[in-house]
Amino acid sequence: MTRPRPLQTAGRPAEGPLIELTDVRTHFATERGLVRAVDGVTLTIQRGRAVGLVGESGSGKTVLSRSIMGLLPRRGVVRSGSIRFEGTELIDAPRSTLRSLWGREMAMVFQDPMTSLNPLMRVGEQIAEPLRIHLGQSRAEARDTTIRLLTEVRIPSPAERLRQYPYELSGGMRQRVMIAIALACGPTALLADEPTTALDVTVQAQILALLSEERRERNMTLVLVTHDLGVVARHTDEVAVMYGGKVVERAPTAALFRRTRMPYTEALMRSIPTVDDPPHTRLAAIPGRPPDLVEPPPGCRFAARCAYARERCHAEEPSLVASSDDPDHHYACWYPVGTVEPVALRPADPAAVG
Amino acid sequence: MTVLRRLRRAGGWFAATWLVALVGLAVTAPWLPFVRAADEKVRVGGKLQSRYRLGPGRHALFGVDNSGFDIFARCIHYARNSLLVGVSATVIGLLVGGALGVAAGYFRGWVDRIVSVVIDCILSIPALVLAIVLVSRLDDIRQELPGLGWVTRRWQVVAALSLLAVAPLARIVRAQTLALREREFVLAARSLGATSRRVIATEILPNLVPTMVTVASTGLGLLIAAEGTLAFLGVGLGESWGYLIEANRRRLDKAWWATVFPCLMLFVTVMAFNLLGDRLSRRFDVREVIT
Amino acid sequence: MRYALQRIGQLLVVFVVVTFAVLVAMRLGAGGHRELARRMLGGNVTDQQVDEAVRRYHLDSNYLVQYLYWLKGFVTFDLGYSSANSMSVAKLLAPRFWTTALLGIYAIAVGLLLAVPAAVIQAHRRDSWIDRLGNVASFIGFGVPAIVLGIFLQLAFSLHWHLFPAIGDSIYPWQQFGAHVRNFLLPTLTLAIPQAAIYTRLLRADMVATLQRDFVVLASAKGMPTRRILWRHALRNSLLSIVTSVGTSLGGLLGGAVVVETLFDLDGIGSQMVISVLSRDLFTVQACVAFVVFIVVVVNLVVDLSYSLIDPRVRMARALA
């Protein structure tokens, strides 16, 4: 099958930083107190790269990616720091600025394709909507573009799909539609929040391959949120590992896998399923539970669950620093992997183990 | 947030105060020096103040009507009927509706089917239409069947309004009972061999109380409004706010007070019960709305 | 299709049970069938007329037979004889039907016109002062008795500002449009305000939930204008609750019509029913009640069936069933 030429990729600078995060904090006011879901993230995302955002459930990946988009609830959210997109400050930008970026400059693919499409709107219209509004296409043009997009995301017989409703499509098809929507106006950056967790294993691989391919062809920046380091290894150039609302290790993908520094990352790696595992094996979860985000522990947030933790780890918080031998490799750890021997874990919470 | 909460609390207090004052006045009216008898005509300096001569003021707080009766006095005396009829109908509605709802929800099967059809039928007739027809038919039937001499108009109105209260209460109670009977503590009690009567009395009923009280409170407001409406239409009681409104409304241009004050009494009382219901529903976290 | 038939069956049962109960209630208590006939015809009637009525309405049979003949009459618009007006009930009610139907339709339309924007704005600006104001307004609108509301509107618009007549006249739009509007405006408002309050409450709650759903967030992420998100994406998904609330509040609307027609002196089914009740005009009362129940049943059926028009999933599920 010959693939139609991607839309709108010309005329963009190919290099340089696209998204610059400085000390980004997103806290939620709740009855229990302030939930520090994202608590001081500094990160630069280069143009045209694929960046993985990994971490356990609850580590703040979704909140961080939604903070970048500016798609947070209006009420009960406290934000600070700086988020620059192509040099524009977004953190205190009016909603109109954000809206002019959404769809055109940055787009998002959500986790659950079952709930993310409007159940009462035909698929074709949901894709055509941004084309008509952002690009001012006529009805006929939008229809043609929609068909091209559906072909591009490999949906068979696209012309017929236009008239269908989401409930008539399978999960994988819906996620393809989501991707088509996100790609419609040729965004500079695509944020995909666990785009495959809700899908079957075989479909997962197809969707990820599709995303990677689109990124390369369009020279698009991709932020891929996942808790699966295996996915990261195959589909990203760089990785940021999140824990308890912070980035705890950041490196080019190859370097991260070659030389893991952060014990948390190492523990995550142990939970990657291998091909030999029978399907649907439960992953070896990291013992213990994620830190309380209302009153985080004083030292390293991972210390309570860390096999290498020493006194210092419980008392003093390590900051994200560049490795001495690789300036691109950053980690926040007093005793990186390989520098000390593991010790027996304190029997903190046996119930949470296993 | 706090402003709203304070406002709501103020509303609750206002409602409670109004209702307590109204009940107090209505009950003690015959002995209160500043409330005339309902059928005492107002005279100023020995001169009869009929034909709406007197507006609201010192001699008659709410003015007088065409025959020279004191609107304020009548409002207070007639409050008795509204409250009595409303409360009686609510009590009957709670007992009968509660019993039907619990029976249908707990025993299910044919009991449930019959109760449900009956509820559907009652609810398919607009409440007011049902009440009008019922009261007027009871008028005739009372005269035709022997041994019903003791039934007065008031009891007819109570009977009609009770029927209005039964249907929605039975429906809500049934739904709640259906949910409750599947809850762990009920299942536990049943698996331990408790009799149905015991389970209903000790496990189900106590859990129904908040909902029933809440619904009954708002319902009381609706029933009092219905009582006033029946009287307004000439099908209800003569000694009622609704009747005062009907009797005087055609002279709204000449003597607004004779219509407006009974309207206000009805309005504020109904709103007070609604406010109370609102407070209770927040307190007990009851979501059901009756329409 | 099966679902539709099932629903029609249920509603038919309700209609039959209710109209039968009304018939029995109306005819209960008379000494014998001749006595009953006399009462139904009212006034001074000859023995011959009584005999004819007994024959015609089968008053000497049991209630079930009488009901079947009544039902036959109902579907052929033979609704009996109005004793108070000395004319056929069908003829008496036909013009009155239009008054009530127009009032009802206007009230629902105006109610929606007030409620939908209010609910959408309230849900969009949740907990803002405008939302609170809306909540207070719908709380009052929900609770205020129709008589009180009608009197207050008369006081303000007819007596204070002299804008509309307080005492109406059933002028139809095809007779004199301007006069029709002037006569129907206050009655319509009196009926529409409580309706609007009910619609607003339900729709606001539904919209608040809808606005938090993923697909609405996605619509934002697509950069859709707020207006489009609210009206195209969210409201469309909350339509079900509007339709439902129109259906469930219809009884209140028709009850309100009785009050409003009486209060504003409009000749409708509601005011006629009150007059007939007071004059013991049994045929007319029975016809009015049956008619009102019929409307409730039909509207509920329409509401139910319209769900499938609104939601393609329901359409699909029912096609498969």
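In this document, chain identifiers A, B and C correspond to the written order of the chains, with residue numbering beginning at 1 in each.
Following the convention adopted for this analysis, a residue touches a chain if its C-beta (ideal position, glycine included) is under 8 Å from a C-beta of that chain, and two chains touch if they have at least 3 such contacts.
Please read these numbers as outputs of a predicted model, since none were measured by experiment.
Note: the chain lying farthest from chain C is A, by mean C-alpha position.
By C-beta pair count, the most extensively touching chains are B-C.
Remark: the per-chain Cα centre closest to the mean position of all protein Cα atoms belongs to C.
The mean-CA centres of chain B and chain C are about 23 angstrom from one another, to the nearest whole unit.
Our note on geometry: chain A versus chain B, Cα centroid distance of 59 Å, whole angstroms.
Our note on geometry: chain A versus chain C, Cα centroid distance of 54 Å, whole angstroms.
Residue positions of chain A with contacts to 2 or more other chains are absent.
Looking at chain C, one finds that residues 127 touch two or more other chains. Contacts from chain B toward chain C in the complex involve residues 1, 4, 117, 120-121, 123-129, 132-134, 136-137, 140-141, 144-145, 221, 225, 228-229, 232-235, 242, 245, 249, 252-253, 256, 259-260, 263-264, 266-267, 270-271, 274, 278, 289, 291.
Contact residues of chain C toward chain B in the complex are 10, 13-15, 17-18, 21-22, 25-26, 28-31, 127, 132, 139-140, 142-148, 151-152, 154-155, 159, 166, 198, 201-202, 245, 248-256, 258-259, 262-263, 273-274, 277-278, 280, 285, 288-289, 292-293, 296-297, 300. On chain C, the positions that touch chain A within their shared complex are 126-127, 213-215, 217-225, 228, 232-233, 236-237, 310-313, 316. Chain A contributes residues 69, 71, 75, 99-104, 107-108, 110, 112, 115-121, 129-130, 133-134, 165, 167-168, 178, 181, 185 to its touches with chain C in the complex.
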